[in-house]
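One chain, chain A, appears in both complexes that follow, with chain B as partner in the first and chain C in the second.
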Partner chain A sequence: MKKSYISYILLIFVMVFTSACSSSTSSQESEKKKSVKLLFSFASKTLDPHQDWMGVRAGIAETLVKIDENLEIQPWLADSWEQLDSTTWKFHIREGVTFHDGSTLDAEAVKRSFERLIEVNEAMNTNLKIATITANGQDITFQTTEEYPAFLSELIHTNASVIKVDTDKISEKPIGTGPFQVQSFTPESEINLVSYEQYWDGKAKVDEAKVTFNSDGNVRALALQSGEADIVYHLPPETLKPIEESKNLHVESIMSLRAHFLVYNSTNPQLQEENVRKALDLLLDRTTIVNEIMNGHATEATGPFNPMFAFSSDTEVVKSNPLKAEELLKEAGYVKNASGTLEKNGKPLEISVATYQGRPELPLIAQYLQAEAANVGIKINIVTVENIDTFLWEKQEDWDIATYSNLTAPRGDGGFFLNSAYVPDGSLNPGQINVPELTDTILQLNTTSNLEQRVDLEKEAVQLIQEHILHSFVVHPHIIVGVSNRVKNWAPGSEEYYILTNQLEVE
Partner chain B sequence: MTNKQNLSMLLGIVLASILASIFLLGSTFGTQDPFYINMANRLSSSSAPHWLGTDHMGRDIFARMVYGAKLTIGLGILIILLAMCIGIPIGLLSGYIGGKMDAFFMRVIDGILAFPDFILAIAIAGILGPSLTNIVIAIVLVKWIVYARVIRGLVLEEKQKEFVLASRLSYSSTFHTIRLHIIPQIFSEIVVMAAIDVGKIILLISSFSYIGIGAQAPLPEWGAMLNEGRTFIQVHPSLMVYPGIAILLTVLCCNLLGDGLKGYFQARKRRNLQ
Partner chain C sequence: MKTVGKMIGSRLSQLFIMIFVLSFFTFLLMKITPGDPIRSILKVDDVSVTTKKEEQLKKEYGFDEPILKQYGDWIINVAQFDLGESLISKKPVSELILERLPATLALAIGGLTVLFLISIPLGVISSLYENRWPDYISRWIALVGASIPSFWLGLLLMYFFSLKLQWLPMMGRGTFAHFILPSFTLGMAMAPMYISLLRERLITILQSPYIEAAKARGISKRRIVFFHALRGSLIPLVTMFGLSLGSLLGGLSVIEILFSWPGMGELIVQAVTQRDYPLIQGFIIVIGFLIVLTNLLVDLLYMVINPQIQQGKEARV
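Entry: the complex of A and B
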């Protein structure tokens, strides 16, 4: 009996010892490996780079050309290009680039990738307007269906990335040419990546990377503080104080290519009056919104485009002026009724503002406008919805104004936003804006390739938008990223395209 | 009435008195406007004009708490009354008349009870759209069935009693028998149920507002205040602590009073029987 006890104890001892040894060996191995953890806000349901942005963001796939920190187009997988005529573009594919499976990247592989892209992504098919693709060695030639000066800048879009198409696991394990290859992917949860040894621009300085998602800004901020993540995107301004005070963390705040703005529903007769829109615009105190709601992490907007662009508005920031707003409304025939609300022909000026929590500052902007509007006699009712896009399109009679946010010049060119937000039937035009003069300018822009002329036309469009207050642009929010001090050689870009790079290093 | 129930009643009354005095004093003597936004004075700490400080829009937290009390408790009582208005007549008729009518209502109730009430209310509110009115409709639609079911059970028991049979034999009308002989017998059960339910309903309203489908900004419903304060939990936890404590104490108060009332009515019944 005693003997069997002793043998049991010995067995347990041996087991504990071996497990301790094995865990110490594995922990030594992981200590040697350099890894970085990224926590992002919007979750990816698929990893297919032709349908999701994470392919380029996580360094899995790459595009033919990229945009640099000055928002200028630079070579990437294509090392040179030329426009042969108004509809033909020729690119030379960089030599020595290999896919993660070791196969060489040539023009034929690029052609097959683009053929798949326009087959699976309807929006990109419409954006790129490709008629034919011809591959010859390392040279690839695109013919567009019409004269299309914005073709080159559209190639920057992350969905236009080049991937190996003859694999059946593109949505889980796409094979790209980037510095990281996918090890495993759980939709809307996490991506595990390892560095690709033969990366053409030099192996990544970290061995592995993990990308996780969480849509709650507070949770993201806490994850950074607890060390669960090294880089955390889109932190709410209110959560920054403890991060800024920490010795091990810092905050990067850079101007984005995005604008927060008010969308007016032009089917509402009251909002069809320019004076009403101008009055509402004058009630927005942009300086207070930047300082108080955005905690300084934003720039006052003077139009749709970030002021760093040549085609942005030259005008000054519109200062809040409730007195002038009242005058404009009086001019438009509005008088205060017994309850203090403005009305015209017996109809009170009562407006429904739709907002959403996805960007926490937008409901606050709506509330601030509500309070300012109440002071001059405009009644605003706020409705917070879960999915703003569905609500704006499917319940067009239920809202008058919406707080919205969009990338207005995602690829360094304003054409995309102008076409989507101001042309009738545009994909970002739920307010059904239809100003013939503006539509003509945008259509003219679409066929203009000369850069200076494009800038002039875009400026002309911006001037019309601002003159008629078709939207009220409030602020250009900054991209706020919390970073652990162990991360070196890394800074977020305003384009939000290239996050995990081969240069990123950790201590 | 046991000692425990006595204590519950006492604690409930004390807590209710304290809460009522705070909110009544606040609403009578408070000078701050719960909706006045002052960005220059946001997130300030307690001071003479702002007893509990100000929130992220510079609004007075105490004034909002007082307004929120009226809104949250008032809606809780309104919902109970509406649910009772639907549930009690259906329960009474279903139990007393029986037959096909009873079978019909009970199958409807079984069907609705098959879904968890919280999920069902979310679904109804989701279809109707986010607003406080729609939340009231959603909760009433879910809650009336509980009253109908319980009251039917009580009526089934009461209608077998001799005084009810005597009333029926003397050709009294259905309405007369229910009003004079059944309602007084089940009244105490309804009151106890309603008292406990107010607490549950306050929690439901606050939960819906917290997830964004209830009260809309700038209404200071307690759940909505909790939601708005969420992003400031690390830097200004008071934005969440005050409405959180208010919800906790109010629900606790309802439960204690409900428990106390239950004991009181049970003791009275026992006395009557003796």
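Entry: the complex of A and C
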């Protein structure tokens, strides 16, 4: 009896160790090849580049144009282009590019890829506004349904990448033109990639790459320290200490194209008063928020856009000034009542701030604002909701301010955010902002192709937004990436599109 | 044998009624909860979209139609074995679920094996040495286990076994070694309840007259525990297992996400957040089916553990 138990336990141990050993032997074999392991936060359900961002991020597929480290548009699969008239764009497809199956990339292949994209991706269909596509040799011509100067920058979208469409395994093994080709894919778990020998821009400097996913920040940090990953995205600031102290690892912290901001509900009469919004804006000490809430991994915002963009705001960071805030409120007719709360015509200045846990720093910003506002006599009630978008749109009478976060110029142009957040029927405008002067500027931007004129118009819009405090932009959070020192010739970009490149090297 | 056949037949008919009721109420709940998948489909946080477009798409997908009609359309398709396709990824729901189901089942089996390996020895030791130090240790383990949330336990195991000792891989799936940490986390998270239940039940049984009679016949204590008492005390455990299948699946999701285990966890959490109705409904059907099936197996297991259950039924028929 006893014996059989012991042999049973021994058997389990043998099984565990043989399997553990077998995995280490295989990893020893793969060490001969140069390989890199990327750990990302948002898991891919599918590898279809027309549906998921990982196609471009993992170097499998490429787009016609790309955005460089200075956030400017550069040629990629298209080496030149011209706008023939207000709705027609002609691109020349780079010669000598081949798909991973060896077939040549020509305009016809690009056309078929775009036809599939607008068929399977409703959002991109809406976004690209393509009416017709004509292919001729290496030239491809797009006609848009309306005048659409932002068309070029929208082609940067990773979903607009070019893939071979006549294959039935697009979601598991897409055939692209990038430096890496897919060997295997397990949804939401891992992608195994090998370098593509005939890559048009020179074979990748690593032989193989592995992409894994984990949505838990603590696990990602542990994986970097244990050597299970060489590049780890989106590390929580509280996990950085052991990484920064390690001799073999380092942290990259780069300003993102995202902004954390306050949305004002303009249907609330109190918030319709500009002085009230300005006073609330003056209560935010952005430097304190950067240091205390963001642990230094953010940059104070001066407007909606990353300061690297030509169209971003030129102004200085607004310094917190509670005294001036009090003055503005007094000017607007607010006086303190017996309980110390500001009121006007018998109505106290009591504000409901909606926030959500999806980005843990946002509830902290709401709490910070609550404390600062209490000092000047504004009462803030915080409401934490699960689905912020649904709440803001469907319960518009239940909130006055919301903490929010969004990419503001994901493809190097401000058009997307300005149209979505400030035009009355924009899908990111739950606060019902309707400033005719600003709407006119944005509508003018929508029909302006000249790049310099676009920058001027975007700047004009930003100035109006900042002048009237239509939103209070707080910080641009940083992208925090943990990197092993064996990774060379690599740095994360603000755009987070081009992660595995042919230039990346490992020791 | 007749009874078994009858039971299976009645259970299967119950299954269809249950799935019908379950899917209807989930459908109703989903529809009356605020939010819809339109904003996710249109990726409004990424590309420029107007509210008019949102309304237009809502109509195209038929989300503005009466709930009963929407449910009717869906259930008719289900009756033809068509679970529809995911609104977000456009892949067939059955394919999305089936490609992940084996990993989830494998982890569930792994977790249950660990549960069995932990709870039975500790429960037995506790009852044999009631209120003595082995019992205290076992109860202490149960108490600590019950107080640690599974995600934290998982992180601790990763910290020691993957980062410090470098014995086991931290996440993913591939070798048997990948299987150990998530199985342990799952098994250890479930074990405390079973240890306590088994201990209480064994203590009661060990004091019952038939055990006293066995002792009087001179049968060894070990033999009494393993061959008489343990068998009787397994019934409440099996019952509890049948009842706690739902929470087991909840726990599985957390562990799968933590260990990047390619099961259904991440898929279903995202489906709920994005309100991917067909995927949530498909998941409910598959899980409902699995729970009914497992409960059926549990009932069959009762008969194996204690044949009196079957005899009792026959006597009444």
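What we mean here is this: the second predicted complex is superposed on the first by the 466 of 507 C-alpha atoms of A that agree within 3 Å, B and C clash if a C-alpha of one lies under 4 Å from a C-alpha of the other, contacts with A are read in each partner's own complex, and residues count from 1 in each chain.
Quick note on the criterion: a contact is a pair of C-beta atoms (placed from the backbone, for glycine too) under 8 Å apart; a residue touches a chain by one contact, two chains touch by 3 or more.
Given the structure is predicted, the values throughout are model-derived calculations rather than measurements.
Undergrad: Tell me which partner A:363 touches in the superposition: chain B (first), chain C (second), both or neither.
TA: first
Undergrad: Report for A:387: first if it touches chain B alone, second if chain C alone, otherwise both or neither.
TA: Second partner only, chain C.
Undergrad: So which one touches more of the residues on chain A, chain B or chain C?
TA: The partner making contact with more of chain A's residues is C.
Undergrad: Touch check for A:218: first (chain B), second (chain C), both, or neither?
TA: Both: A:218 reaches chain B and chain C.
Undergrad: State whether A:463 touches chain B only (first), chain C only (second), both chains, or neither.
TA: It touches nothing on chain B or chain C.
Undergrad: For A:35, using the defined touch cut-off, is the partner it touches chain B, chain C, both, or neither? Pick first, second, both or neither.
TA: neither
Undergrad: Quick check on the superposed pair: does A:239 touch chain B, chain C, both, or neither? Answer first, second, both or neither.
TA: first
Undergrad: By the touch definition above, which chain A residues appear in both interfaces, chain B in one complex and chain C in the other?
TA: Looking at chain A, the two contact sets intersect at 218, 222.
Undergrad: How about chain A: which of its residues touch chain B in the complex?
TA: On the chain A side, the touching residues are 217-218, 221-222, 236, 238-239, 241-242, 285, 288, 292-293, 357, 360, 363-364, 366-368, 370-371, 374, 381-386, 398.
Undergrad: Can you list the chain A residues touching chain C in their complex?
TA: For chain A paired with chain C, touching residues are 15-16, 19-20, 22-23, 43, 45-46, 51, 120, 122-124, 126-127, 154, 157, 171, 186-190, 212-216, 218-219, 222-223, 225-226, 228, 387, 389-391, 394-395, 406-407, 410, 415-416, 419-420, 423, 425-428.
Undergrad: What residues on chain B touch chain A, complex-wise?
TA: Residue positions touching the partner: 35-37, 39, 42, 56-57, 129-131, 212, 216-218, 230-235.
Undergrad: Touching chain A in the complex: which residues of chain C?
TA: 34-35, 39, 41-54, 57, 88-91, 96, 99-100, 151, 155, 158-159, 162-163, 166-178, 180, 257-262, 266-267, 270, 273
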